[in-house]
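Quick one: the structure is below, and I'll ask about it shortly.
A, B, C, D, E and F are the chain letters, set down in written order, and residue numbers restart from 1 in every chain.
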């Protein structure tokens, strides 16, 4: 749940970037009191994400907007279907169109790609996670789209989760030392995740008290061995896999017995889906 | 040229989103005075864009950053090559890493895709343009990356260019009427571009005094006819093509004799390129 | 059309500057529930500009404001006439009075001066333009007042229009070179305006492909020669005159056959018109 | 003394308004490393105000600016004199020129007009005051210019001074009642000023304990009577005159024996002075 | 009277600090449409301050909040009493609870401590003042709580009152010199307060024309002598005592005949009062 | 580690609140080029916290500040000792004094109170935690002071930790149900803490998989029983005590065998310590 205040702040920035000192063409050609009906229409199949934000863009521009949504975030939409109808001043509809579509197309793209990964691992019990590889200033919205797509969010930033990586380990003087430093003073509501590159590091991390291990860039065989070794040492250890995850190999990875698979592509490589807005004069 | 102030404002927002109340892991494992050397390394071939911003991220976090770039924006970089070296407090390097890479990978992705389109039309005299299909709050940076990739920018927003589209035409009561309204009161430094869908509209637009016509979503054959008709009516008319442009068909489109081809994909569907940061302890 | 959001942001800053930690006098002398009726009254003749902003100031301070405007922006108002009536909490009326008047008086002053220039050139077909000589942070409002007064806006800033001046020319190495540099890479929706100081520069600019020439600080005779020369070389060249334009000489300049006359005085030397607010107790 | 932080914030807003997404003309015609020398030259006689802000505009745009001022704020400058020299990147000089001049011309205009009023009352012991009739968002700078011109500042806003006007008096139920309400709870560091329209009100205000009386819109004769009456009743009463003050009548008003004369025109009707910037290539 | 805009800005910052990217626990356990009734209950006796702000916190989070206050700011509340009832979405009630209570508890703590001081001096005619020893960013609210508690506000900052302290005196070269400098150019609506440490300084300050003297850190005996001396020299001199004021000695200080006693403890050492929020499901 | 950017932003707000349009007294009495040496002197014994921020206040006001600290954050300081020396423009020293002291006194007050609690539990292995009962807009600084005082931070806000309280439990339909809802979808790096009021709830929480239990407002005897019961059911359960913790009973609570004790008083009831600034003229 993203608060309406945060959304309005985001929209304000986006509209200001696009409209600047005014929409010259619209102001010269369309009278102030001209009213139209706009339809957002899917031009391909996808999972919808961002509809409330899409609508809020137009409400930001005019107090005289009414709307009727035909789908909710998370719904699959088929090419040709009308997603929502929005009625109001034609000027507001045209001035908000591009920004509203840019947001809806991008978030739906992320939800759609996420959903593809989630479907691939269906039945395995594995959960798909996103990463911090998001667009600057859009992380909250992009992580929302990931949840809409059926996956879970990894930490939001460096401040709400602990992940000990190779550079921390080296600077601290080894896995054992790094984990000890963290255990001593970490916020007590946070678990400790440790990134490991091979079975030796895995053993060391588990012995030192890691709550979660991230198997980084390992091959499937190595992951299987790692899972076996980890579960043997500590039954309730949580295992995450990261690096090189693609739609083609995600199910095979899921079947190795890990708990989580994190996928940078969800946010850094999702394509915008195709949605158009058709505006009709109201007679 | 984006001013350093604007870049710092952007970086401030991006870092605040990622770091929030602090990098827990780094603060617990790495001493304040620990110094490292980081290398940004290409993991695939691409056109570089955003290096000055990448470096500014770290300078924002610490006054003790020194750096050595090995490439400039616009240069092709090959997989395996070191793009730049950055030296400074390990904490600053780790806290800035993700944000800096997110920006560099995205901008280089846009420059690289743009460059592919530009190469395809080489020798035809046609210029590739971007669109307003950009990520909210990143338009300035994304349009910069487009220029780095060798294309030109279309208008930045609704305020610095006139483009009369179907909705304007309908609301105004026809192409002739719409153009007349605009001519009467438009800023005198701006040209008038009109979107047309067929040869009849094209004729009407030219007769009414359009400076530029945008052929929207036409097939190649139709575009050829349109170019012939337009040039005949007015030698110096500027012709832009838009809609359905892909790497596969862009050269064919360019050979029809148009002046500009605008491509939404440059910004809405570019994939982030793969760049990693390797941090080495300084003994 | 300036968006209500932008206006509210502007008003917020202006009120904060004036009210700061509170209106001491009003809070000590007037009860919270005291209601009054205020009238804005013209103390001289002028062209009205800024009334919607004037009213918005009071609406910003209280949700219990009602109002009745008797004129619209662009209307001529005579000394003694009531411009609008506003009813609401006396505290809000008194706390907003100065800021609301400061805005209304200044914008009406600009519209009034502009209108005088526009009247002078009536029937000549010449259009009066403003310049970038505006008050910092008020350009949008001041350029709005210019339009209300019947003139057109020149570019808003350095970003939405091209104007090659002497310094650009010198740095580029001549008019021809400067125009060539600009033509090669400029946004295709923008025309090229070139400032020229004499007939030689004028010829060079036209030959190099300028769309618009600005005759800078020339005398009337020289302007006449320039117009003749320019029209002869290119029929559709657009001609702007700038520098030293006053109410006394503007018609003579207009009769030389130029298309546009830009006048810095519209914004940098307009005097505030006299408007008072009279507050009546509601029994 | 306005802090450098406040000035930079102001400049940031002003430059952002003018430069927006970039100075197209300058970026296309002038190389990044091109260096020039700029001179600010007076085109008429005036009192200088705002030179440190003028210079700060360019320093905001580039770290490579050096400068040499030939005058200080408050100095009289004669037409033709060079005010300051600024050296640095030509791009920064051209991009800052308009904003820097807009500020310097406006503030010097205020200082110059103020100085004329101050000269008129020389030798009378009377002090000239400004009012709250300032440009929104520029009050701090405009009041600074008033001080530079030799006058004093009235209160900055509603929060740092008490001025009981007719509307307060009516709402409170009379002068006596209004003053009593204020005396009871006002900040103890503030005096009480009361606006009066005739001798009866004057008497009542003095009896009720006003520290300062403002004679509002009275004629010269009435002012003389008021001064006599006031001084008789309370020797140390402070007397301010307001309303209808012009260069033509200010000395006559000053000779009536009042202490302060407040003049709205200082800020709401000052004309910008004429200053030009000449940029020379450095060979 | 603090404007609703200022309060909303303050609440926005406070909620953003507490909620950040979302209330994880609440979002996972409580449905979006779940409605509850919350009661704010006093857990000790105190003077209420900040109730409108408390309620505004919840209204900021949801448009579906209704409320019923049982007390007003300034009322004494007894332990166990219900202060207000608030009904609305359970999520909004839980997400706003901590911030709303933090504000209400702190402001009521200040009002309560202030009221204790005010009660101690009852009947003496002395007024209690606060100081600038407030929490950064909360001065407006804290000074409001002081007024609710029955005391008066000293100046808000360095900009709305003149207080010449030892450092000013030393830098200026003595009390006489400092006062002369100030008298010459100070805003005419402001009085002059001078801090003095002994009877000699007191005499000098009065002779030089101080309107108010602040007896700084003197003992009771010395204060009595100071009051006698001051009143003898100038009947209407205003006397303020400051430094070392405690509940135990404030009445004795008040009985010395001074006019004002300023107490830093009102804001820098008030303890938060105990208030709890009880949330009940609405069946 | 709080970033210098965040600190500067905080200081900017605090100084703007105090200085507003300028320090009238200082500007009138002290020349711009007057230099002084200031000493911050402890007037009681305390634990120092906030010295870097204290110094940054002055550096914000002038670029000509030099300083010499004699203590570091976390050090015990005795009454009479000089904490730091700061040299620079007298104006900057006086204008920053109050804000700098307000911050240093408050943060040191928190660190000192925290340290008292920490000392009380020395040797027991128990860790003291803060709460979210902080001053709005100062949480980051106050939680920093808690760490300086030797305790640990609880979660920063609702976004970086999970704490299931009675209201969540009731809305979800019981402890078991609430924990199940959270386990299913919570961020995998976060533990689950559950607030319990009695032994039955404790049992249910442990069985349902709580990682941490918070014993809320229990008596010492009940806590002892709870600890015994909890450890028996799950050896590695983490136990936190909350509610009614005072310096007098904290050691007794610590000796019950719990792991953490959270204390709201650390931030909501710490008194500012007494620190003065003495400014000496430099001859």
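Going forward, a contact is a pair of C-beta atoms (placed from the backbone, for glycine too) under 8 Å apart; a residue touches a chain by one contact, two chains touch by 3 or more.
Just so it is clear, the model here is predicted, and its values are computed rather than measured.
Common neighbours of subunit C and subunit F, by the contact definition above: A, B, D, E. Taking the CA centroid of subunit A as reference, the farthest chain centroid is that of D. When you average the Cα atoms of each chain and compare centres, the chain farthest from subunit E turns out to be B. The chain pair with more C-beta contacts between its two chains, of A-F and B-D, is A-F. Note on chain placement: the centre of subunit B and the centre of subunit C lie 34 Å apart, centres being C-alpha means. Centres computed as Cα averages put subunit E at a distance of 22 Å from subunit F. With centres taken as mean Cα positions, subunit D sits 53 Å from subunit A. Across the assembly, subunit D contributes residues 19-22, 140, 156, 159-163, 185, 187, 190 that each touch 2 or more other chains. Touching subunit D in their complex are the following residues of subunit B: 1-3, 5, 140, 156, 160. Contact residues of subunit E toward subunit A in the complex are 12, 19, 21-22, 27, 32, 60-61, 91. In the complex of the two chains, the subunit B residues touching subunit A come out as 10, 13-14, 17-26, 28-31, 34, 36, 90, 94-95, 98-99, 101-103, 105-106, 132-140, 156-165, 167-172, 178, 181-182, 184-187, 190, 268-269, 271-272, 279, 281. Put simply, subunit F touches subunit A in their complex at residues 127, 129, 152-156, 159-163, 185, 187-191, 193, 212, 238, 240, 259-260.
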